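Structures for review follow.
In the two complexes that follow, subunit A is the common piece, with subunit B as its partner first and subunit C second.
Moving on to the complex of A and B:
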């Protein structure tokens, strides 16, 4: 074990963790919007609308994230007419390609998590609200949405951790996140064990933080 | 439960088979299979190219059976050290940096590097000599490096991870360059044509081969590079015998000897030249 290498690599990997966190937070925020939108569409009674929403989640949950990144980054980059449109300003940047892929992916999972949370709300709660003469809109905002968010916290916590690990794929489209920098160090030192152990440790630490944050929120908003 | 037992038996059986392969007397040679015309794969996934054919030729001279196996470029040297195979033939240039961790046979072929752009790029028509050597740079070479430094400023330069080309771009010889690194040369080529890369650096033949096969208008600009950070030709990468004394260490030392002799003979018989002309279109043997 080359401990000196680990010590000199640590600051480089930690500054790369900033890129990882940026990718993660941007994708989660956009993904949450997408997730909410598609969860609502899934619950719509119009068959075209809910089938469309179902198709989206089926497509993005049924294919590997790596393939999705490759299609968005390398695939779309090969379409010539696309390169002359304004879309190319965004798609030219590996950073945005990664965020688009991550957001669409986590959006699909988030929509499923939220949908099932909405569906598990006991009809009794809504009926109780109605019997008190509360309007449908208020029931949605003050009862359904808060209960659904609380219900989905454990599953969404898992999704955040999965997505955090998924960001390591950003290194395949040239981004220098934790994994990208680790690979770069290995390519000149040829010591994968030390460097990847360290990178794994940083990911584990991030998981630890996210896990505890979610646990805290679960406790804070528990029904008991 | 039955299926469970069957699975375990199958796994054990396949482990035994794999174990046998390792124990056999074959020389296992690692290559990338993604750097044409040095080494690549055909449509059926079979390894082909200059080095794959040369590997089998060299093994005939050594008088032992060979197996060429595939390994991603970024894990090539660690895989050699972990004994996943015994030798590297993957367009790997002999450099001082690599010599710190592995050893090389004598060189079998020469590789020159070059910058490439898409036709119509502002970098076309750079006024430099045809080729420059960085081992003892002449005044012309130094002037050329200055011209290149100016041309590359503010441009995105793409190259493969863990290559002499990346080392050169990060060495400061051409100033501070915005380098983007890729896992394979294929991906570099894709992003050069898409326009995400303004310019790319690799073995000159990697670009000419791509331009020819894809029909894309990729053109070389500036001088060809050799020497210095670009190393001294391409050789067979082997484990350093000192790393592991004992029988294994002795075997590694013998292998180095065997490859050196085989390369001598193959050169004398014109095998290397013939294969180089077949795959590169010119005699790149050394």
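Moving on to the complex of A and C:
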């Protein structure tokens, strides 16, 4: 074990962790919007809208994240007319391509989590609201949504951790996140064990923090 | 469609064999994962604090670190580690490990962490009375596990194992970074030589969708089989 190398690469890996966190937070925020939208579409009675939302979630949950990134980063650049639109400003940047892929991916999983949370709300809660004369709109905003959010916290916590691990794929499209920097250091020092273990330790620490944060939120918003 | 013809001009046969390779890696990794969960599930359920710690460390660390990093560690670190062990025994030649083996072992260790959690949950949710009844009837430990616990556990575990299988199948795409020619790597090669990445990566997505769809159908049958009588 080369401990000197570990000490000198720690600051490089930590500054790369900022990029990992940026990728993670941007894709989670966009993904939450997408997930919420598609969860509502899934619960729609219209079979066409319903099937469309199911198709989206099936497509993104049934294929590897790596394929999704490659289609967006390498594939979309091939379409001629796309290159002349303003979208090209975004799509030529690997950073934004990675965020789009991650957001679409986590959006699909989030929509499933939120949908099942909405479906498992006990009808008694809604009926109680109705019998108290509360309007449908307030029932949705003050009862259904808060209960659904509380219900989906544990599953969403897992999704955040899965997404954090997923951001390591950004290194395949030349981004210098933790994994990207680790690989770069290894390619110049030929000491894979030390560097990758250190990078793994940083990821593990982040998992630990997210895990405890979700646990704290679960406790804070428990029904007791 | 010319791009997908079989033979020298198209990429159809190459992609077909690549799909078989993906399935081979996924199945091998899943089996290696089962071996790992065979070791680590008893550790996680053990009353011994030290054994328990080992079991928990395995599942926590593997599930908390990106799959890609585990694969890099095995691919770049694996041959170095083996050469180090070999050097202790006086063997100093360069040893290269096969990409299929490194890949399957790396994915297998990841898959094992997930299936360990599934088996632990399934065993823990079997009614305590079942263990006690077996004890009262004087059933041996082996028969108790094989005839009483295992069938009930499988029924509870199969739906979650199907999730682990899906994760494992999708994780095999990461093996492409090691150069093993599975769906992702073959699409990368084809995309590079035809300059048509959009088509080939979309086709790769279709292949993965097909694999996940077919395996879901198969697993549903298993689920029906093991839920008889419930």
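The definition used in the following text is that the second predicted complex is superposed on the first by the 224 of 224 C-alpha atoms of A that agree within 3 Å, B and C clash if a C-alpha of one lies under 4 Å from a C-alpha of the other, contacts with A are read in each partner's own complex, and residues count from 1 in each chain.
Simple rule for what comes next: a contact is a pair of C-beta atoms (placed from the backbone, for glycine too) under 8 Å apart; a residue touches a chain by one contact, two chains touch by 3 or more.
The model shown is predicted, which means the values in this text are computed figures rather than measured ones.
Asker: By the touch definition at the top of the document, which applies to A:51: first (subunit B), second (subunit C), both, or neither?
Answerer: neither
Asker: According to the stated criteria, A:174 is in contact with first (subunit B), second (subunit C), both, or neither; which is it?
Answerer: Only subunit B; A:174 stays clear of subunit C.
Asker: According to the contact criterion defined above, which of subunit B and subunit C contacts more residues of subunit A?
Answerer: Here the partner covering more residues of subunit A is C.
Asker: Thinking of the overlay built on chain A, is A:165 touched by subunit B (first), by subunit C (second), by both, or by neither?
Answerer: In the superposition, A:165 touches subunit C alone.
Asker: With both complexes superposed on chain A, which partner does A:197 reach: first (subunit B), second (subunit C), both or neither?
Answerer: second
Asker: Based on the superposed arrangement, let me know which partner A:183 touches: subunit B (first), subunit C (second), both, or neither?
Answerer: both
Asker: Of the two partner chains, subunit B (first) and subunit C (second), which one does A:74 touch, if any: first, second, both, or neither?
Answerer: Both subunit B and subunit C are touched by A:74.
Asker: Jot down the residues of subunit A that show up as touching in both complexes, subunit B in one and subunit C in the other.
Answerer: Of subunit A, residues 74, 77-78, 172, 183, 186, 192 contact subunit B in one complex and subunit C in the other.
Asker: Can you list the subunit B residues touching subunit A in their complex?
Answerer: Its residues touching subunit A are 74-75, 77-78, 81, 97, 101, 158, 161-162, 166-167, 180-183, 187, 190-191, 193-196.
Asker: Could you list, by residue number, the parts of subunit A that touch subunit C in their complex?
Answerer: My answer: residues 58-59, 62-68, 70-71, 74-79, 161, 164-169, 171-172, 179, 182-183, 186, 192-193, 196-197, 199-200, 203-204, 207-208.
Asker: Looking at the complex, which residues from subunit C come into contact with subunit A?
Answerer: 60-61, 63-70, 72-73, 76-77, 80-81, 166, 170-174, 176-177, 184, 187-188, 191, 195-198, 201-202, 204-205, 208-209, 212-213
Asker: Which residues of subunit A touch subunit B in their complex?
Answerer: Residue positions touching the partner: 74, 77-78, 83, 92, 94, 172, 174, 183-184, 186-188, 190-192.
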